[in-house]
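The structure that follows is given in the form of C-alpha coordinates.
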(Lines give C-alpha, C1' and ligand atoms only; values in the text may rest on other atoms or scores of the structure.)
Protein backbone atom coordinates (compact mmCIF):
# COMPACT_ATOMS: atom_id res chain seq x y z
CA UNK A 1 0.00 0.00 0.00
CA UNK A 2 1.31 3.41 -0.92
CA UNK A 3 1.95 6.28 1.43
CA UNK A 4 -1.17 8.23 0.54
CA UNK A 5 -3.46 5.24 0.83
CA UNK A 6 -1.89 4.38 4.16
CA UNK A 7 -2.65 7.85 5.42
CA UNK A 8 -6.23 7.57 4.16
CA UNK A 9 -6.55 4.35 6.14
CA UNK A 10 -5.09 5.95 9.27
CA UNK A 11 -7.69 8.70 8.95
CA UNK A 12 -10.46 6.12 8.51
CA UNK A 13 -11.32 7.47 5.06
CA UNK A 14 -12.48 5.33 2.15
CA UNK A 15 -12.55 6.18 -1.53
CA UNK A 16 -15.96 5.96 -3.18
CA UNK A 17 -16.77 3.75 -6.16
CA UNK A 18 -16.95 5.11 -9.69
CA UNK A 19 -19.68 7.71 -10.19
CA UNK A 20 -23.11 6.24 -10.82
CA UNK A 21 -25.18 9.09 -12.16
CA UNK A 22 -28.98 9.26 -12.55
CA UNK A 23 -30.53 7.71 -15.70
CA UNK A 24 -30.13 9.98 -18.70
CA UNK A 25 -27.02 11.77 -17.42
CA UNK A 26 -24.24 10.59 -19.70
CA UNK A 27 -20.59 11.59 -19.33
CA UNK A 28 -18.95 11.89 -22.77
CA UNK A 29 -15.71 13.08 -21.19
CA UNK A 30 -12.96 11.61 -19.03
CA UNK A 31 -13.15 11.90 -15.27
CA UNK A 32 -9.36 12.16 -15.50
CA UNK A 33 -7.53 13.10 -18.68
CA UNK A 34 -3.92 11.87 -18.60
CA UNK A 35 -1.42 13.25 -21.07
CA UNK A 36 2.32 13.15 -20.60
CA UNK A 37 3.09 14.03 -17.01
CA UNK A 38 -0.16 15.91 -16.49
CA UNK A 39 -3.58 14.79 -15.37
CA UNK A 40 -6.59 17.05 -15.73
CA UNK A 41 -9.40 16.17 -13.34
CA UNK A 42 -13.02 16.88 -14.32
CA UNK A 43 -15.47 18.42 -11.91
CA UNK A 44 -16.27 15.98 -9.09
CA UNK A 45 -18.89 16.20 -6.38
CA UNK A 46 -19.40 14.15 -3.24
CA UNK A 47 -20.14 10.46 -3.82
CA UNK A 48 -21.42 7.79 -1.47
CA UNK A 49 -19.43 4.55 -1.11
CA UNK A 50 -21.43 2.99 -3.96
CA UNK A 51 -20.71 5.93 -6.30
CA UNK A 52 -24.15 7.53 -6.11
CA UNK A 53 -24.21 11.31 -5.60
CA UNK A 54 -24.08 12.17 -1.91
CA UNK A 55 -26.29 14.86 -0.41
CA UNK A 56 -27.28 17.13 1.09
CA UNK A 57 -28.02 19.03 -2.11
CA UNK A 58 -28.72 22.69 -2.73
CA UNK A 59 -27.51 26.18 -2.03
CA UNK A 60 -24.93 27.13 0.59
CA UNK A 61 -25.85 28.30 3.21
CA UNK A 62 -29.64 28.58 2.80
CA UNK A 63 -30.22 24.89 2.03
CA UNK A 64 -26.86 23.33 2.95
CA UNK A 65 -25.04 24.62 6.05
CA UNK A 66 -21.41 25.71 6.00
CA UNK A 67 -20.49 22.60 8.00
CA UNK A 68 -22.35 20.33 5.58
CA UNK A 69 -20.72 22.06 2.61
CA UNK A 70 -17.30 21.58 4.19
CA UNK A 71 -17.99 17.86 4.53
CA UNK A 72 -19.16 17.78 0.90
CA UNK A 73 -15.94 19.48 -0.13
CA UNK A 74 -13.85 16.77 1.57
CA UNK A 75 -16.00 14.09 -0.05
CA UNK A 76 -15.49 15.71 -3.45
CA UNK A 77 -11.73 15.50 -2.90
CA UNK A 78 -12.09 11.80 -2.08
CA UNK A 79 -14.07 11.33 -5.30
CA UNK A 80 -11.24 13.01 -7.26
CA UNK A 81 -8.72 10.73 -5.56
CA UNK A 82 -10.80 7.67 -6.45
CA UNK A 83 -10.87 8.72 -10.12
CA UNK A 84 -7.16 9.52 -10.09
CA UNK A 85 -6.38 6.10 -8.62
CA UNK A 86 -8.35 4.39 -11.37
CA UNK A 87 -6.61 6.55 -14.00
CA UNK A 88 -2.98 6.42 -12.85
CA UNK A 89 -2.85 3.21 -10.83
CA UNK A 90 -1.65 4.50 -7.49
CA UNK A 91 -2.18 7.73 -5.61
CA UNK A 92 1.55 7.97 -4.98
CA UNK A 93 2.00 8.44 -8.75
CA UNK A 94 0.87 12.04 -8.29
CA UNK A 95 4.12 13.96 -7.95
CA UNK A 96 2.58 17.34 -7.28
CA UNK A 97 -0.79 18.98 -6.98
CA UNK A 98 -0.90 22.17 -9.04
CA UNK A 99 -4.33 23.79 -9.12
CA UNK A 100 -7.63 23.00 -7.44
CA UNK A 101 -10.77 24.68 -8.79
CA UNK A 102 -13.28 25.00 -5.96
CA UNK A 103 -16.85 25.68 -7.07
CA UNK A 104 -19.56 26.26 -4.49
CA UNK A 105 -23.31 26.25 -5.15
CA UNK A 106 -23.70 29.52 -3.29
CA UNK A 107 -26.49 31.89 -2.42
CA UNK A 108 -25.89 35.24 -4.14
CA UNK A 109 -23.26 37.22 -2.28
CA UNK A 110 -22.34 34.49 0.20
CA UNK A 111 -18.90 35.68 1.37
CA UNK A 112 -17.55 32.48 2.98
CA UNK A 113 -16.71 30.36 -0.05
CA UNK A 114 -13.09 30.18 1.11
CA UNK A 115 -14.12 28.34 4.25
CA UNK A 116 -16.10 25.77 2.27
CA UNK A 117 -13.06 24.55 0.36
CA UNK A 118 -10.55 24.74 3.23
CA UNK A 119 -11.19 21.23 4.61
CA UNK A 120 -10.45 19.77 1.17
CA UNK A 121 -7.22 21.76 0.94
CA UNK A 122 -6.22 20.72 4.46
CA UNK A 123 -6.89 17.05 3.74
CA UNK A 124 -4.90 17.29 0.51
CA UNK A 125 -1.86 18.69 2.33
CA UNK A 126 -2.27 16.09 5.09
CA UNK A 127 -2.31 13.24 2.56
CA UNK A 128 0.47 14.42 0.25
CA UNK A 129 2.58 16.51 2.60
CA UNK A 130 3.59 20.15 2.26
CA UNK A 131 5.63 19.69 -0.93
CA UNK A 132 3.57 17.45 -3.20
CA UNK A 133 0.31 18.58 -1.64
CA UNK A 134 0.87 22.31 -2.05
CA UNK A 135 -1.60 23.77 -4.52
CA UNK A 136 -3.02 26.98 -5.87
CA UNK A 137 -6.75 27.31 -5.61
CA UNK A 138 -9.94 29.11 -6.41
CA UNK A 139 -13.03 28.98 -4.17
CA UNK A 140 -15.88 30.75 -5.90
CA UNK A 141 -19.65 30.75 -5.76
CA UNK A 142 -21.69 29.41 -8.66
CA UNK A 143 -25.32 29.94 -9.65
CA UNK A 144 -25.78 26.21 -10.24
CA UNK A 145 -23.85 22.95 -10.12
CA UNK A 146 -24.50 19.52 -11.62
CA UNK A 147 -27.23 17.57 -9.80
CA UNK A 148 -27.55 20.55 -7.43
CA UNK A 149 -24.50 19.35 -5.52
CA UNK A 150 -23.18 21.94 -3.03
CA UNK A 151 -19.52 21.63 -4.07
CA UNK A 152 -17.75 20.59 -7.27
CA UNK A 153 -13.94 20.36 -7.35
CA UNK A 154 -11.71 20.07 -10.42
CA UNK A 155 -7.91 19.98 -10.55
CA UNK A 156 -4.68 19.75 -12.47
CA UNK A 157 -1.86 17.57 -11.15
CA UNK A 158 1.63 16.51 -12.19
CA UNK A 159 2.38 12.81 -12.47
CA UNK A 160 5.63 11.08 -11.56
CA UNK A 161 7.83 10.34 -14.57
CA UNK B 1 -8.11 19.15 -46.25
CA UNK B 2 -7.29 17.67 -42.86
CA UNK B 3 -9.10 14.86 -41.13
CA UNK B 4 -10.99 17.08 -38.69
CA UNK B 5 -12.13 19.51 -41.36
CA UNK B 6 -13.25 16.62 -43.53
CA UNK B 7 -15.37 15.30 -40.67
CA UNK B 8 -16.83 18.77 -40.14
CA UNK B 9 -17.80 18.81 -43.81
CA UNK B 10 -19.34 15.34 -43.59
CA UNK B 11 -21.45 16.57 -40.69
CA UNK B 12 -22.47 19.67 -42.63
CA UNK B 13 -20.89 21.97 -40.07
CA UNK B 14 -19.18 25.25 -40.88
CA UNK B 15 -16.82 27.28 -38.74
CA UNK B 16 -17.93 30.86 -38.02
CA UNK B 17 -15.92 33.94 -38.91
CA UNK B 18 -13.83 35.80 -36.37
CA UNK B 19 -15.86 37.26 -33.51
CA UNK B 20 -17.45 40.62 -34.30
CA UNK B 21 -18.49 42.05 -30.96
CA UNK B 22 -20.82 45.00 -30.33
CA UNK B 23 -19.34 48.52 -30.47
CA UNK B 24 -17.43 49.35 -27.31
CA UNK B 25 -16.60 45.74 -26.42
CA UNK B 26 -12.85 45.48 -26.94
CA UNK B 27 -10.85 42.28 -26.50
CA UNK B 28 -7.37 43.09 -25.13
CA UNK B 29 -6.52 39.38 -24.91
CA UNK B 30 -5.88 36.52 -27.34
CA UNK B 31 -8.72 34.27 -28.39
CA UNK B 32 -6.04 31.58 -28.44
CA UNK B 33 -2.75 31.89 -26.58
CA UNK B 34 -0.12 29.59 -28.10
CA UNK B 35 3.04 28.84 -26.15
CA UNK B 36 5.28 25.85 -26.78
CA UNK B 37 3.08 22.83 -27.34
CA UNK B 38 0.13 24.30 -25.47
CA UNK B 39 -2.76 26.47 -26.61
CA UNK B 40 -5.02 28.16 -24.10
CA UNK B 41 -8.43 29.04 -25.51
CA UNK B 42 -10.33 32.05 -24.14
CA UNK B 43 -14.01 31.89 -23.36
CA UNK B 44 -16.04 31.52 -26.57
CA UNK B 45 -19.78 31.72 -27.10
CA UNK B 46 -21.92 30.82 -30.09
CA UNK B 47 -21.24 32.86 -33.23
CA UNK B 48 -23.21 33.22 -36.45
CA UNK B 49 -21.45 32.55 -39.75
CA UNK B 50 -20.46 36.24 -39.97
CA UNK B 51 -18.94 36.21 -36.48
CA UNK B 52 -21.73 38.09 -34.72
CA UNK B 53 -22.93 36.64 -31.40
CA UNK B 54 -25.63 34.04 -31.97
CA UNK B 55 -28.74 33.91 -29.82
CA UNK B 56 -30.93 32.98 -28.15
CA UNK B 57 -29.57 34.89 -25.16
CA UNK B 58 -30.36 34.62 -21.49
CA UNK B 59 -30.74 32.20 -18.61
CA UNK B 60 -31.05 28.44 -18.93
CA UNK B 61 -33.75 27.14 -18.72
CA UNK B 62 -36.09 30.07 -17.94
CA UNK B 63 -35.18 32.11 -21.03
CA UNK B 64 -33.24 29.61 -23.13
CA UNK B 65 -34.45 25.99 -23.22
CA UNK B 66 -32.17 23.03 -22.54
CA UNK B 67 -32.32 22.11 -26.23
CA UNK B 68 -31.40 25.66 -27.28
CA UNK B 69 -28.57 25.73 -24.75
CA UNK B 70 -27.26 22.42 -26.09
CA UNK B 71 -27.20 23.88 -29.61
CA UNK B 72 -25.42 26.97 -28.25
CA UNK B 73 -22.86 24.73 -26.60
CA UNK B 74 -22.09 23.01 -29.92
CA UNK B 75 -21.85 26.41 -31.62
CA UNK B 76 -19.43 27.61 -28.93
CA UNK B 77 -17.24 24.60 -29.69
CA UNK B 78 -17.28 25.51 -33.38
CA UNK B 79 -16.27 29.07 -32.46
CA UNK B 80 -13.32 27.68 -30.47
CA UNK B 81 -12.33 25.52 -33.43
CA UNK B 82 -12.47 28.54 -35.75
CA UNK B 83 -10.16 30.48 -33.43
CA UNK B 84 -7.82 27.52 -33.06
CA UNK B 85 -7.63 27.11 -36.84
CA UNK B 86 -6.66 30.78 -37.22
CA UNK B 87 -4.07 30.43 -34.45
CA UNK B 88 -2.40 27.13 -35.32
CA UNK B 89 -3.07 26.78 -39.03
CA UNK B 90 -4.90 23.49 -39.19
CA UNK B 91 -7.23 21.72 -36.83
CA UNK B 92 -5.20 18.53 -37.18
CA UNK B 93 -2.35 20.36 -35.43
CA UNK B 94 -4.16 19.78 -32.15
CA UNK B 95 -2.60 16.60 -30.82
CA UNK B 96 -4.82 16.25 -27.77
CA UNK B 97 -7.65 18.00 -26.03
CA UNK B 98 -6.93 18.34 -22.33
CA UNK B 99 -9.53 20.38 -20.47
CA UNK B 100 -12.79 22.02 -21.49
CA UNK B 101 -14.31 24.60 -19.15
CA UNK B 102 -18.08 24.61 -19.64
CA UNK B 103 -19.86 27.67 -18.26
CA UNK B 104 -23.64 27.90 -18.41
CA UNK B 105 -25.71 31.04 -17.80
CA UNK B 106 -27.97 29.15 -15.42
CA UNK B 107 -30.96 29.92 -13.27
CA UNK B 108 -30.04 29.47 -9.60
CA UNK B 109 -29.97 25.79 -8.68
CA UNK B 110 -30.53 24.48 -12.22
CA UNK B 111 -29.28 20.88 -11.87
CA UNK B 112 -28.83 19.93 -15.54
CA UNK B 113 -25.66 21.83 -16.49
CA UNK B 114 -24.00 18.53 -17.40
CA UNK B 115 -26.54 17.95 -20.16
CA UNK B 116 -25.95 21.41 -21.64
CA UNK B 117 -22.29 20.73 -22.36
CA UNK B 118 -22.67 17.10 -23.46
CA UNK B 119 -23.34 17.82 -27.17
CA UNK B 120 -20.12 19.83 -27.34
CA UNK B 121 -18.17 17.00 -25.71
CA UNK B 122 -19.76 14.46 -28.04
CA UNK B 123 -18.95 16.54 -31.12
CA UNK B 124 -15.38 16.97 -29.92
CA UNK B 125 -14.89 13.21 -29.59
CA UNK B 126 -16.57 12.65 -32.95
CA UNK B 127 -14.22 15.11 -34.66
CA UNK B 128 -10.96 14.12 -33.01
CA UNK B 129 -11.62 10.49 -32.13
CA UNK B 130 -11.46 8.81 -28.73
CA UNK B 131 -7.71 9.40 -28.21
CA UNK B 132 -7.05 13.00 -29.24
CA UNK B 133 -10.59 14.07 -28.46
CA UNK B 134 -10.70 12.74 -24.91
CA UNK B 135 -10.92 15.59 -22.42
CA UNK B 136 -11.59 16.44 -18.81
CA UNK B 137 -14.38 18.90 -18.24
CA UNK B 138 -16.35 21.14 -15.97
CA UNK B 139 -19.99 22.08 -16.60
CA UNK B 140 -21.08 24.66 -14.07
CA UNK B 141 -23.73 27.32 -13.78
CA UNK B 142 -22.79 31.00 -13.78
CA UNK B 143 -24.67 34.06 -12.57
CA UNK B 144 -23.80 35.95 -15.77
CA UNK B 145 -21.90 35.48 -19.01
CA UNK B 146 -20.56 37.95 -21.60
CA UNK B 147 -23.30 39.44 -23.80
CA UNK B 148 -25.81 37.30 -21.86
CA UNK B 149 -24.84 34.28 -23.97
CA UNK B 150 -26.24 31.00 -22.60
CA UNK B 151 -22.96 29.07 -22.86
CA UNK B 152 -19.28 30.04 -22.82
CA UNK B 153 -16.59 27.39 -23.36
CA UNK B 154 -12.85 27.73 -22.74
CA UNK B 155 -10.17 25.06 -23.14
CA UNK B 156 -6.57 23.93 -22.96
CA UNK B 157 -5.14 21.77 -25.74
CA UNK B 158 -1.83 20.18 -26.66
CA UNK B 159 -0.35 20.96 -30.06
CA UNK B 160 1.57 18.60 -32.31
CA UNK B 161 5.33 19.09 -32.09
CA UNK C 1 15.03 47.20 -10.90
CA UNK C 2 13.52 44.99 -13.58
CA UNK C 3 11.65 46.14 -16.64
CA UNK C 4 8.19 45.33 -15.30
CA UNK C 5 8.81 47.02 -11.97
CA UNK C 6 10.18 50.06 -13.75
CA UNK C 7 6.99 50.27 -15.79
CA UNK C 8 4.90 49.95 -12.64
CA UNK C 9 6.84 52.86 -11.17
CA UNK C 10 6.35 54.95 -14.32
CA UNK C 11 2.62 54.32 -14.04
CA UNK C 12 2.66 55.31 -10.37
CA UNK C 13 1.44 51.86 -9.31
CA UNK C 14 2.49 50.07 -6.14
CA UNK C 15 2.16 46.42 -5.26
CA UNK C 16 0.17 45.66 -2.11
CA UNK C 17 1.52 43.76 0.87
CA UNK C 18 0.75 40.11 1.48
CA UNK C 19 -2.94 39.38 1.97
CA UNK C 20 -4.15 39.98 5.54
CA UNK C 21 -7.50 38.25 5.76
CA UNK C 22 -10.15 38.63 8.48
CA UNK C 23 -9.78 36.52 11.66
CA UNK C 24 -10.90 32.94 11.09
CA UNK C 25 -10.20 32.93 7.35
CA UNK C 26 -7.25 30.59 6.94
CA UNK C 27 -5.54 29.87 3.63
CA UNK C 28 -4.31 26.25 3.52
CA UNK C 29 -3.12 26.67 -0.07
CA UNK C 30 -0.39 28.58 -1.89
CA UNK C 31 -1.10 32.00 -3.32
CA UNK C 32 1.32 30.93 -6.07
CA UNK C 33 2.17 27.31 -6.75
CA UNK C 34 5.49 27.03 -8.59
CA UNK C 35 6.41 23.78 -10.29
CA UNK C 36 8.99 23.46 -13.05
CA UNK C 37 8.52 26.37 -15.43
CA UNK C 38 4.89 26.90 -14.47
CA UNK C 39 3.30 29.03 -11.79
CA UNK C 40 -0.37 28.61 -10.91
CA UNK C 41 -1.85 31.67 -9.25
CA UNK C 42 -4.72 31.30 -6.78
CA UNK C 43 -7.74 33.56 -6.86
CA UNK C 44 -6.76 37.10 -5.84
CA UNK C 45 -8.96 40.10 -5.11
CA UNK C 46 -8.12 43.76 -4.65
CA UNK C 47 -5.87 44.52 -1.68
CA UNK C 48 -5.00 47.81 0.01
CA UNK C 49 -1.34 48.73 0.43
CA UNK C 50 -1.28 46.99 3.84
CA UNK C 51 -2.71 43.77 2.38
CA UNK C 52 -6.24 44.12 3.77
CA UNK C 53 -9.08 43.45 1.32
CA UNK C 54 -9.96 46.58 -0.62
CA UNK C 55 -13.57 47.61 -1.24
CA UNK C 56 -16.03 48.47 -2.49
CA UNK C 57 -17.62 45.05 -1.95
CA UNK C 58 -20.70 43.48 -3.46
CA UNK C 59 -22.50 42.76 -6.69
CA UNK C 60 -21.69 44.37 -10.03
CA UNK C 61 -23.40 46.61 -11.06
CA UNK C 62 -26.15 46.93 -8.40
CA UNK C 63 -23.78 47.50 -5.47
CA UNK C 64 -20.45 48.16 -7.23
CA UNK C 65 -20.46 50.24 -10.42
CA UNK C 66 -18.80 49.09 -13.62
CA UNK C 67 -16.10 51.73 -13.11
CA UNK C 68 -15.47 50.60 -9.53
CA UNK C 69 -15.34 46.96 -10.65
CA UNK C 70 -12.83 47.86 -13.36
CA UNK C 71 -10.62 49.50 -10.73
CA UNK C 72 -11.01 46.39 -8.54
CA UNK C 73 -9.96 44.24 -11.46
CA UNK C 74 -6.74 46.23 -11.91
CA UNK C 75 -6.09 46.01 -8.18
CA UNK C 76 -6.60 42.24 -8.29
CA UNK C 77 -3.95 42.05 -11.00
CA UNK C 78 -1.55 44.04 -8.81
CA UNK C 79 -2.26 41.63 -5.95
CA UNK C 80 -1.38 38.70 -8.24
CA UNK C 81 1.83 40.45 -9.25
CA UNK C 82 2.74 41.02 -5.60
CA UNK C 83 2.28 37.32 -4.86
CA UNK C 84 4.20 36.31 -7.97
CA UNK C 85 7.08 38.59 -6.98
CA UNK C 86 7.26 36.97 -3.54
CA UNK C 87 7.12 33.51 -5.14
CA UNK C 88 9.56 33.85 -8.03
CA UNK C 89 11.80 36.72 -6.92
CA UNK C 90 11.36 39.18 -9.76
CA UNK C 91 8.46 40.00 -12.03
CA UNK C 92 10.75 39.72 -15.05
CA UNK C 93 11.08 36.02 -14.27
CA UNK C 94 7.66 35.54 -15.82
CA UNK C 95 8.43 34.58 -19.41
CA UNK C 96 4.84 34.46 -20.62
CA UNK C 97 1.34 34.91 -19.35
CA UNK C 98 -0.85 32.03 -20.46
CA UNK C 99 -4.36 32.15 -18.99
CA UNK C 100 -6.19 34.63 -16.80
CA UNK C 101 -9.41 33.51 -15.12
CA UNK C 102 -11.61 36.54 -14.56
CA UNK C 103 -14.43 36.04 -12.06
CA UNK C 104 -16.93 38.82 -11.43
CA UNK C 105 -19.40 38.97 -8.54
CA UNK C 106 -22.21 39.76 -10.95
CA UNK C 107 -25.92 40.39 -10.74
CA UNK C 108 -27.80 37.63 -12.57
CA UNK C 109 -27.64 38.17 -16.32
CA UNK C 110 -25.25 41.14 -16.20
CA UNK C 111 -23.92 41.14 -19.78
CA UNK C 112 -20.82 43.35 -19.36
CA UNK C 113 -18.41 41.04 -17.56
CA UNK C 114 -15.95 41.42 -20.44
CA UNK C 115 -15.60 45.13 -19.73
CA UNK C 116 -14.88 44.52 -16.05
CA UNK C 117 -11.75 42.49 -16.76
CA UNK C 118 -10.47 44.57 -19.69
CA UNK C 119 -8.46 47.09 -17.61
CA UNK C 120 -6.57 44.22 -15.99
CA UNK C 121 -5.81 42.70 -19.39
CA UNK C 122 -4.71 46.08 -20.75
CA UNK C 123 -2.43 46.71 -17.78
CA UNK C 124 -0.94 43.24 -18.17
CA UNK C 125 -0.07 43.85 -21.81
CA UNK C 126 1.28 47.30 -20.95
CA UNK C 127 3.57 45.86 -18.27
CA UNK C 128 4.82 42.79 -20.09
CA UNK C 129 4.50 43.86 -23.70
CA UNK C 130 2.56 42.19 -26.52
CA UNK C 131 4.59 38.98 -26.53
CA UNK C 132 5.04 37.99 -22.88
CA UNK C 133 1.87 39.78 -21.84
CA UNK C 134 -0.44 38.10 -24.35
CA UNK C 135 -2.93 35.86 -22.58
CA UNK C 136 -6.10 33.89 -23.06
CA UNK C 137 -8.91 34.80 -20.71
CA UNK C 138 -12.30 34.14 -19.27
CA UNK C 139 -14.53 36.89 -17.83
CA UNK C 140 -17.57 35.33 -16.26
CA UNK C 141 -20.14 36.25 -13.65
CA UNK C 142 -20.27 34.40 -10.33
CA UNK C 143 -23.01 34.07 -7.74
CA UNK C 144 -20.57 34.79 -4.93
CA UNK C 145 -16.90 35.52 -4.36
CA UNK C 146 -14.68 35.34 -1.26
CA UNK C 147 -15.28 38.21 1.19
CA UNK C 148 -17.90 39.54 -1.26
CA UNK C 149 -15.14 41.07 -3.38
CA UNK C 150 -16.37 42.28 -6.79
CA UNK C 151 -13.57 40.65 -8.80
CA UNK C 152 -11.30 37.65 -8.26
CA UNK C 153 -8.55 36.85 -10.78
CA UNK C 154 -6.52 33.64 -11.04
CA UNK C 155 -3.88 32.76 -13.63
CA UNK C 156 -1.34 30.38 -15.09
CA UNK C 157 2.04 31.71 -16.21
CA UNK C 158 5.26 30.36 -17.67
CA UNK C 159 8.51 31.10 -15.83
CA UNK C 160 11.89 31.80 -17.40
CA UNK C 161 14.17 28.78 -17.39
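Think of it as A, B and C in the order they're written, each chain with its own count starting at 1.
By our rule, contacts are C-beta pairs under 8 Å (C-beta built on N, C-alpha and C of every residue); 3 or more make two chains touch, one makes a residue touch a chain.
What you are looking at is a predicted structure, and each value in this text was computed from that prediction instead of being measured.
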Chain B against chain A, contact positions shared by both copies (same if over half, else different): different
Angular offset of chain A relative to chain C [C-alpha, multiple of 5 degrees]: 120
Between chain A and chain B, centroid-to-centroid distance (C-alpha), Å: 25
Two or more partner chains touched - positions in chain A: 108, 142-143, 156
Chain B-touching residues of chain C, taken from the complex the two chains share: 96-100, 104, 106-115, 118, 121-122, 125, 134-143, 156, 158
Partner chain C, residues of chain B touching it in the complex: 21, 24-33, 35-36, 38, 40-43, 58-59, 101, 103, 105, 108, 142-148, 152, 154, 156
